[in-house]
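Read the structure below first, then the notes.
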Amino acid sequence: MIFAVIGGDMRQAKLAEMLAADGHWVSTFAIDKLRLENGVTQRSSVKEAVDPAHCVILPLPVTSREGLLNAPLSFGIHTTHEIFSALRPDQIVCAGRVDEQTAKTAAEAGIELIDYLKREELAVSNAVAAAEGAIQLIMEETAITVCHSKCLVIGFGRIGKILCHRLRGLGAYVTATARKVEDLAWIRAYGYEACETDKIDGTLGNYDVIVNTVPARILGEERLREIKRGALCLDLASKPGGIDFSAASKLGVKAVWALSLPGEVAAVTSGRIIRDTIYNILREKGVT
Amino acid sequence: MIFAVIGGDMRQAKLAEMLAADGHWVSTFAIDKLRLENGVTQRSSVKEAVDPAHCVILPLPVTSREGLLNAPLSFGIHTTHEIFSALRPDQIVCAGRVDEQTAKTAAEAGIELIDYLKREELAVSNAVAAAEGAIQLIMEETAITVCHSKCLVIGFGRIGKILCHRLRGLGAYVTATARKVEDLAWIRAYGYEACETDKIDGTLGNYDVIVNTVPARILGEERLREIKRGALCLDLASKPGGIDFSAASKLGVKAVWALSLPGEVAAVTSGRIIRDTIYNILREKGVT
Amino acid sequence: MIFAVIGGDMRQAKLAEMLAADGHWVSTFAIDKLRLENGVTQRSSVKEAVDPAHCVILPLPVTSREGLLNAPLSFGIHTTHEIFSALRPDQIVCAGRVDEQTAKTAAEAGIELIDYLKREELAVSNAVAAAEGAIQLIMEETAITVCHSKCLVIGFGRIGKILCHRLRGLGAYVTATARKVEDLAWIRAYGYEACETDKIDGTLGNYDVIVNTVPARILGEERLREIKRGALCLDLASKPGGIDFSAASKLGVKAVWALSLPGEVAAVTSGRIIRDTIYNILREKGVT
Amino acid sequence: MIFAVIGGDMRQAKLAEMLAADGHWVSTFAIDKLRLENGVTQRSSVKEAVDPAHCVILPLPVTSREGLLNAPLSFGIHTTHEIFSALRPDQIVCAGRVDEQTAKTAAEAGIELIDYLKREELAVSNAVAAAEGAIQLIMEETAITVCHSKCLVIGFGRIGKILCHRLRGLGAYVTATARKVEDLAWIRAYGYEACETDKIDGTLGNYDVIVNTVPARILGEERLREIKRGALCLDLASKPGGIDFSAASKLGVKAVWALSLPGEVAAVTSGRIIRDTIYNILREKGVT
């Protein structure tokens, strides 16, 4: 098959090389700061890159600022309008974290964007990288070993599940919280301690490491007061963030907000995850 | 609170004792072969046992044969009609694996049965016991150690997830199958090998132990032919069973159908799980 | 190479088949109750079996009673004298758990016995099977799941190390004891709780499962009194045994003495372990 | 008891605070860049700090350069001669990594140094921190997740054992090497792949991460040639180092030499380890 990879960071660069290594014909645009391997053709015009492609892959997130393609590895600046104008409706166009405005711009150009970030399998695989990124941060930011440390993981969603598994694998004492009784049963089923999310008050002083994965203000000033000196609070939640960082700073609680860990810590793995997801999308569409 | 535990096996017996140990007032009926501890009152009339109770707990499964209470620990035989007639609509009545006929008989007596087997948290906790039961069977039925054995777990539902986790914990090489791409991603996220359930053909000869957890005829004659001599096939699926046992027998494949593992292997844990689930039910109803 | 396998149980039978499967020429004597596969030649005279062999493998243990070959799979009864008389000094003769009297009888016939049970690598590999056997027993003998059970492993030698690892892999809370400070450091290094063996008094009531691996009377009457009702005591120590079984019986403590687990639970694996050890012996002698 | 902590890095600082937190009377000298907590008395004269002490704790390593106390947290420069002159023969004096010259200087002052780095329990506990440090480095230096990465650990000593355990806990495929057959048996007993150290040639191209723990030139130019592009080589061996770094650099192999990981990554844990070791030393001497 013929692919075009347009813009993006190291993950897209690795993705292009991996698609080529799989025997596909791959051209890129707006990844011009790097020299790519495996016979990837790096074009200086969108049109040339995109024209022969059956499938066009846009970055994650697709835009950096409104209307602009996310392309940190390009010397140039490119509008999404410019990119979409070069595409055809018969091409499969995949993009990551598509906001409303971008979807609208694409639709005006007759292009339907498939958001690969919404794919569950990508989210799960990303959670693996995110959990490892969190562990790396914990190792960097604490002066104790993970082994025998007391860790609280708030929320038992994708990242929570994997993070608990890895922390346990490193010898930590793991307590996880959830709201639903079945999730609490799952927490116990894996051998961790379970605690209802609403009932963590009064227990927070026990932990050396507290990781929030819930996109809600879980750790406000009152709870932060409980946390013991030297303990680390890590926030892995996106949107609003689960920790009151100004209160943390005021109280002298060490709090770190870790956003978009996957891309940073494991570009090759992240590129591979996107590739596999694209393959799944193509297979479900009957292509390949 | 006041509980009545009516019929059932060792799990119900332990359940009654545990409720009493928690400080509740507990009477039983149709568990007359055992002497119960912790101050449980064993009644010889349903009416006496049931009358003062806020909550009445029937066995899992509630009936042994149609119309008969499941009561292996009773010297007597009791109809469900007899039991339901003794109950009042204002009592909370919990029962396990309620079939249509039993629900109808109860409804005629004005009694609504809450099926605790349908509770997700009970299902998850039971899966822990079922997975351990499976491991015990594997140890008993094979002449190799689990450590370094090659295990295939078909299906990544509740039992599949926990069984993989435990097999890995014992040092086995674990491959799991699923149909959905996100489940395959989860399998990989936990560090196992993943394989689509439909694509196991041609790989079955590699495994020392094959455990089916999918309620569908996965291992028919053709696939059973692939299985290597001395390997063990374990079926944990309920309803129709996933292995063609007559073909297995014909081909000399060692195949074991393991039904209702939880109750058998860990009565105390199973009793505790039912207790916790009853507590959850009561809490959600605003009682307690 | 040419091997003769003389006497023994299922482990020796599997050993003979595996040596043959590796391309060696194998004959047996005193394993006449079974039909062996892979082209093993089953002889009815020691002389015939033994004469062409470079290496002769005797059972583990080599004798059942003084002066008699351990041969439960033979219809006949054979003296060690009879066997040794058939051997030549230029043959490599391996045997398991060689007692003084047997060594003397062999020496009189000019035969030097190499005791493969004294090989450290065999002891380690056997410990894997023993640890699994212990876990199987724990599952069979308790009414709770291993997951979340509180386990005490007394002694951190070969079996202790592996048993802790597996119990943890099944989700148990693991405490191990040792005498030496460096062993206590190892216990903590693997993420378990550590306790000095001499200081277990007063803590024994906490455990659901207590496994002794130390060949000394660790659990006498006084300590057995501490153990909580329903808990399991498992003794894996050989020689004198570490539990006072009559006191246990008197006190109603459930105590099980598990001897020679490896052979029973995993004959194929045990046969393979003996084979690998024999290969190591031959390699060190410069044969092969 | 009364302790004096003289010189050293963050580990000694934490050690002083922890001794004080345990209720001991603690004074320090040559840790003047920090303000210590828990009531530690920071002295500006050795004499004052050391005089009342039953036990004097010198840093790890005891000297930075020949004849100079290792005191990175001091504004001053202090000779070991100056320190030893202030001590008395009746005091217990502990120091880490005592070289011959330092031992001689001490002996001339009538002081016997107990080298706590030679204690096995400290070495084991340090290995935990070192293994975590190695994992942190692997996460930082690779663009793949540890989960599903193929890791080779050369040598199965203290660090090798723990590192394998942790890598496995993170979902890596773990192969370990050793020379002795019993160590190979241990490697298999924990569920890893085993390979003789001398026979790694021809397999090195399979690994994403190769960690050397053996203090010998294991990875010379020829073997480095085998390593696949993008793989990471980590050297945890002290003295001469196990990797030919100039060859690695020439061949474009990513090679990192990680020395003294414990102190850097986990000062609090390292301080605690030294404290526990000091307590063991005192207990064995009958003090306390």
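Read from first to last, the chains carry the letters A, B, C and D; within each, the first residue is number 1.
The rule is short, and it goes like this: a contact is a pair of C-beta atoms (placed from the backbone, for glycine too) under 8 Å apart; a residue touches a chain by one contact, two chains touch by 3 or more.
This structure is a prediction, so every number in the text was calculated from the model and none was measured.
Touching chain B and chain C at once are the following chains: A, D.
Across the two interfaces under comparison, B-D and C-D, the one joined by more C-beta contacts turns out to be C-D.
Remark: chain B and chain D have CA centroids separated by 50 Å (rounded to whole angstrom). Averaged C-alpha coordinates give centres for chain C and chain D that are 38 Å from one another. Contact with two or more other chains is made by residues 128, 147, 170-171, 188-190 of chain B. Because contacts link each chain to all the remaining chains, their graph is best described as complete. On chain C, the positions that touch chain B within their shared complex are 10, 14, 128-129, 132-133, 135-136, 139-140, 142-147, 166, 168-171, 230, 265-269. Across the complex, chain C is touched by residues 147-148, 170-172, 188-191 of chain A. Residue ranges on chain A touching chain B, taken from their complex, read 119-125, 127-128, 162, 165, 181-182, 184-186, 188-190, 280.
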